[in-house]
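There's a structure below that I have some questions on.
Each chain carries a letter (A, B, C and D) given by its place in the written order, and its residues are counted from 1.
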Amino acid sequence: MKSKIGVYICHCGGNISDYVDVNKVREAVKDIDGVEISLDTMFACADSSQTQIANDISEKKLDGLVVASCSPKLHYPTFSAVAERGGLNKYNYVHANIREQVSWAHSDDKAGATEKAIKIVKAAIARVKESVSLEPIEIKAEKSIAVLGAGVAGMRAAKELADLGMQVYLIEREHFVGGRISQLDYLCGADETGKELVTQLYEKIHEHPNVTLFTGAEVIKKGGSIGNFKIKVKITPRYINDTCNKEELLKAIEVCPVEVEDDFNFNITKRKAIYRNYDSEYPQKPTIDNKNCTRCGECEKVCSSIDFSQKEEILDLTVGSILAATGFDPYQPKENEFGWGIENVVTLPQFRRIINMCDDKLVYQGKEIKNIAYIYCVGSRQVDGDNKYCSRYCCTATLYTSILTHKKYKGIKSFHFNRGIRTYGKQEVIYDEASQLGDIFLQSYEYDPATVEENGDKTTVKIKDILTGGQELEVDADLVVLVTGMEPRNDCSIGDVLKIPKGRDRFYNEIHMKLRPVETVIDGVTIAGACQGPKNIMESMNSALSAAAKSYSIVNKGELALEPIIAKVDKDTCIWCGKCAEACPYDAISMIKENGKDIAEINESVCKGCGMCLPVCESDSIDMDGFTNKEIESMINVLAMS
Amino acid sequence: MSTTGKELPKILVFSTEKISDPAIDMAGLLKLHYPPRVYTIPIPCSSAVKPRWILKAFEQGFDGVFIAADGTDCPYGESCTEKTGEIIRRTQEMLKEKGIEPAKLRMAAICSVCSEAFVKHMKTFTEYLVKQKTT
Amino acid sequence: MSEGNKKTVLIMKEKHQVPQDVKDELKFFVKTKKAILKALKEKRMTVPELSEELNMPKDKVLYFTMSLLKYGFVAVDEIDDMDEYFYYKIKDNG
Amino acid sequence: MQENQNIKEYDALVIGAGIAGGEAALNLANVGNKVLLVDKELTVGGKMILLSKVFPTLDCAACITTPKVSEIARHSGITTLTSTEASDIIQKDDGTFEALITTQPRYVVVEDCTGCQLCEEACPVNVEDQYQYGLVGRKAAFIPFSIASPRAAAIDIENCTLCGACERACPTHCIDFTQTVEKYTIKCKSVVVATGFQLFDPTLIPRYGFGRFKNVITSMQMERQLAPTRPFNTVLRPSDGKMPDNIAYVLCTGSRDKTVGTPICSQVCCMYSTKQAQLLMGALPMADITLYYLHIRAFGKGFNEFYAQAQSMGVEYVKGKVAKITEKEDGNLILRYEDINTGKVTETEHDMVVLSVGILPNEGITKLFTNRKLELDPFNYVSQSNPLESPAMTTIEGVFVAGVASAPMDIPDSILSAGAASSESANYIRHISKKTLEV
């Protein structure tokens, strides 16, 4: 039982003290048995406060510490480090959350908030009294990292990690690398195409001895934990031999009788069941689309590289950290949404493909295009739909596309139906350039966007334009381009396997945008690129390199200290009913014989401290450090008091 | 609700460190208010709540207990929903034996961004418990 | 670290001349401080009231009063009936 | 190495200890590199440590910076020097660097200062406090602000009357007027430029009256008024200390304005203004807040939602370019602007106007390098030589850029950019070290 406890209550510069009477809280706890000192502080996390707490611990020989401040997700690590600096075992520190769950949640009820804060601090004191000192469990960390997704973010992270000496497994679900960027024929702010960028990155990882690339591969199971993840990778066959003959393969593609929509070209073209998306694609081998292949055997007749005997494989890998860079999906408009379904209404990604296919004349569906209407924020900033967020990249991408059409074709007229152009930062110059080229901007408010109608052979876009004092304006367009935003991957099964939580926008969520921007609540799993939220290429690269730095720092020492929060069996009362072993998701519990009695034993390095074994034990013989009956029930007792 | 703060029922919430507790934090961040006599004890996983803790809470004077479960988001295993459900079922049996209304123990899956859902649960649960108290 | 009781400021004085405007500024501040504190000793006042009393522009009064608040000479009292201006008073130990 | 036995060696030199430089230094040190972090200011934390809260989460800025700052201060791999600048940086043939380090005297022995503030109490001088953007005074012996790091006093020698009161008052005898400028050379393998930004000076737009009209303030001054370590007891207008109840924001002050030489968007003003508006609604519940804008750039994660939240709280957004501000006798201000909605030139009265000033790159970065050229982009930010593949790379191999030094960006982007810079710098250091070993 702790008897010299230090209690520090943070004002958080008003965030707490504006709603919670901090003095009252301190007064309420200062005379509790075992409380040695109780102080309030403007910022408990400030360096001077940290130093004071650490000094108090060592000078006053405190044996327990409570800091009442913000959410433990923000500063639990800060104050457990302070405890250790003062010479106190960090498990004798208890964090009381009186900001997110008190002052902010009850800013409408100051008296209620203060009463709640008092209870919470008292409960923390009760808990710290029962706390015990624990030592971390040291484990070996695998110096290898799985990078999921071989888009530009994934490849860039893989390259960086490999250069830093890590063994990298780059796992791509598709049969080709490059992700969404390989679909781009021009990039804003660069003299290169998306395909060229992909090629450069591919060449770097391809030659790198530390990178192993798997295509057609998907993580289907994750076990273990930080430092030692055990992942199962399912590899689907390409049905093409390693010793492939290029000439023959081209022939094979030619003879394949199956034609399907080419989703690489956003369904504006067709492809065969044996295919590659473009000539210079990597790896430089076509693949056979198993879903659409009829096994007619035509390709086998002309090509010796075809091998239908290839089977799906399951690979087991052990990695120290996982970096997810699984990308995004372009928003798919709903039927009738801004005229979607009308023949000359296309999405921006489709339009970019069309531009790539038309050399000196812009032609779509056999008609030459002169008047183009761009409709912004399709699938973004939705008033009624789920996507409340801005997709960030699309204003600039659209303006850049528009500029390109002027450079490539003659007589193009562009009309931008927008809700306020967001060319942030240096991208502003692109907006300026488009304006200089004579592009016309028509703007509406969020709740009153442009409409698209089919009038005979014309497609008309109407808007109440706020730039001309709310005039009803309309444009007959040869082509309507829906500027579709980014969405989280529709098939995000990897996220489900890894258990990465999603944010309100359904993209994967970081722990804290500013403190820990590339880490997830799953220890050892980092995120990068557009799977975290809309980003342009440069922003994706920054996040990829940041995530690489973080994953590297997890495993680079080759060892890790794990939380010692694990279940413990009371050998005297255990009667081995086996229920705990059944409940354990990690197979950490087994039966042993001790003193002629069957009892449960817990493997320390396997137990993850989930506590699933606790409630199933018939004899209540399992306790978990930090969550023992004593600790939890002492808190319940205090919280229940009136 | 016409009841004043003092008479409001007390609810103990078992939240989970990685999933539901962040949602409860976010409710605060978004200033979504709920009755202040809701107290949380974060634990690693909702399948770790011992029935004796719940019984203890009622014994000590809590009017309701709410398990903010991980549901399918549980980072520890797929069986979590089932397991937490089983704990609730068993504990409700025990409550019945003790003459405590089993509906005073509730559970719902609260994902890491289910702040609004949490607040709604707290409001309706409080209303329910107020009714129980007065009738 | 300064050695013993020898004041290092004396060494600085030998090589560094204090500019006249710094000296003037100090004089002005000391005078203003006295005037504000004297006025507030009589009764609590708002910035416009102090401005009238001291015959000094309101923005200057605010600047100096806030500085004195920061240094612990002055305390904030209630806001006036119009909810516009705060009253400032002398701090008990100030 | 015969002549310079005493030259200090580091793996990386990080110039600028704001949030980007600090993050880069921590990342580098966390993977075993020895880092020298220099900042010309008296404290680390850059501009961010002076902010009130940060969008879109409304975390207090101090809650995010202070733990980072104290981690930096405590990290065994990081040497932090404040009041210090690096210059005369030479790249050697082997890819390593030499730099001249110049530390200005603080006249306080930082290690001995306990931050007791007795010197501050004793000092008779009152000068404008630069950390409060001139809204209030400070002493000539002073601690920059309560959460500064190091939390140690400094003597502002230019405003010091050499009365000696501070030296007499100091209980630890840490005040030392004999300190002089220190200069020495260091060696390092890589350089991270994280020199941040400066704010646009609104006196360059005389029609807004900043500097003449007391109640026209900058957004940074408002930021200070809203911060926990604020200059006034609450938000007050500087002309007479009245609680304002009708505040206007003029967005794009010094951004997207070719007439003042800044054609680009500053990327943060829309959101910080929206944040301040939300905070003002909390601090002054009766006040009306109006933002005059051209376009709202709410593009980042959670930003658009944050913008919508401000609108639902009652913050008014008026699309219109403010042409001129005039002052009334009572200190109120008349805004003349073209209301885009009506197409008419309109005038409105506010009792306080906040100019949402844009950001500009810090000057003089290129001059730090002697035998290599650190090139700038057309807007005078550090040029990124390969922005899509290696955003931190500059025109000098081994020199990387982090944060706003390369472009306007918000805090999350600065932190990610610092992550990229540290990652590439770590790789360069590894590469150089390997090469030296082979030789």
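Heads up, the rule we're going with is that contacts are C-beta pairs under 8 Å (C-beta built on N, C-alpha and C of every residue); 3 or more make two chains touch, one makes a residue touch a chain.
What you see is a predicted model; the values in this text were computed from it and never measured.
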(request) Select the chain at the greatest separation from chain A, using centres from the mean of Cα atoms. (result) C
(request) Any chance you could check whether A-B or C-D wins on number of contacting C-beta pairs? (result) A-B
(message) Mean of the CA atoms for each chain, then the mean for all of them together: which chain is nearest?
(response) A
(request) Please work out the Cα centroid separation of chain B and chain D, and write it as a whole number of Å. (result) 45
(message) With centres defined as the mean C-alpha position, give me the chain C-chain D separation in Å.
(response) 28
(message) Centroid of chain A to centroid of chain C, CA atoms only: how many Å?
(response) 53
(request) For chain D, jot down the residues that touch at least 2 other chains. (result) 57
(message) For chain B, give me the residues that contact two or more of the other chains.
(response) 29
(request) Enumerate the contact residues on chain D facing chain C in the complex. (result) 109, 112, 121, 124-127, 135-139, 157-164, 167-168, 173-178, 214, 231-234, 236, 238-243, 286
(request) Could you pull out which chain C residues touch chain D in their complex? (result) 1-2, 7-13, 16, 18-19, 22-23, 25-26, 29-30, 33, 46-48, 51, 58-59, 61-67, 69-71, 76, 79, 83-86
(request) Could you pull out which chain D residues touch chain A in their complex? (result) 27, 30-32, 54, 57, 59-60, 62-64, 66-70, 73, 115, 146-147, 149, 151, 227-229, 256, 263-267, 295-305, 308, 319, 340-343, 377, 379, 381, 387-392, 407-409, 411-413, 415-420, 422-424, 426-427, 430-431
(message) Help me check something: in the complex, which residues belonging to chain A touch chain B?
(response) 71-73, 97, 99-109, 111-113, 115-116, 119-120, 123, 499, 501-504, 509, 521-522, 565, 583, 585, 608-612, 614-615, 620, 624, 627, 629, 632-633, 635-637, 639-642
(request) Enumerate the contact residues on chain A facing chain D in the complex. (result) 11-15, 42-43, 45-48, 50, 70, 74-75, 78, 156, 160, 163-165, 187, 189-190, 192, 197, 200-201, 381, 388-390, 392, 420-429, 432, 466-470, 503-505, 507, 513-515, 517-518, 532-534, 537-539, 541-550, 552-553, 556
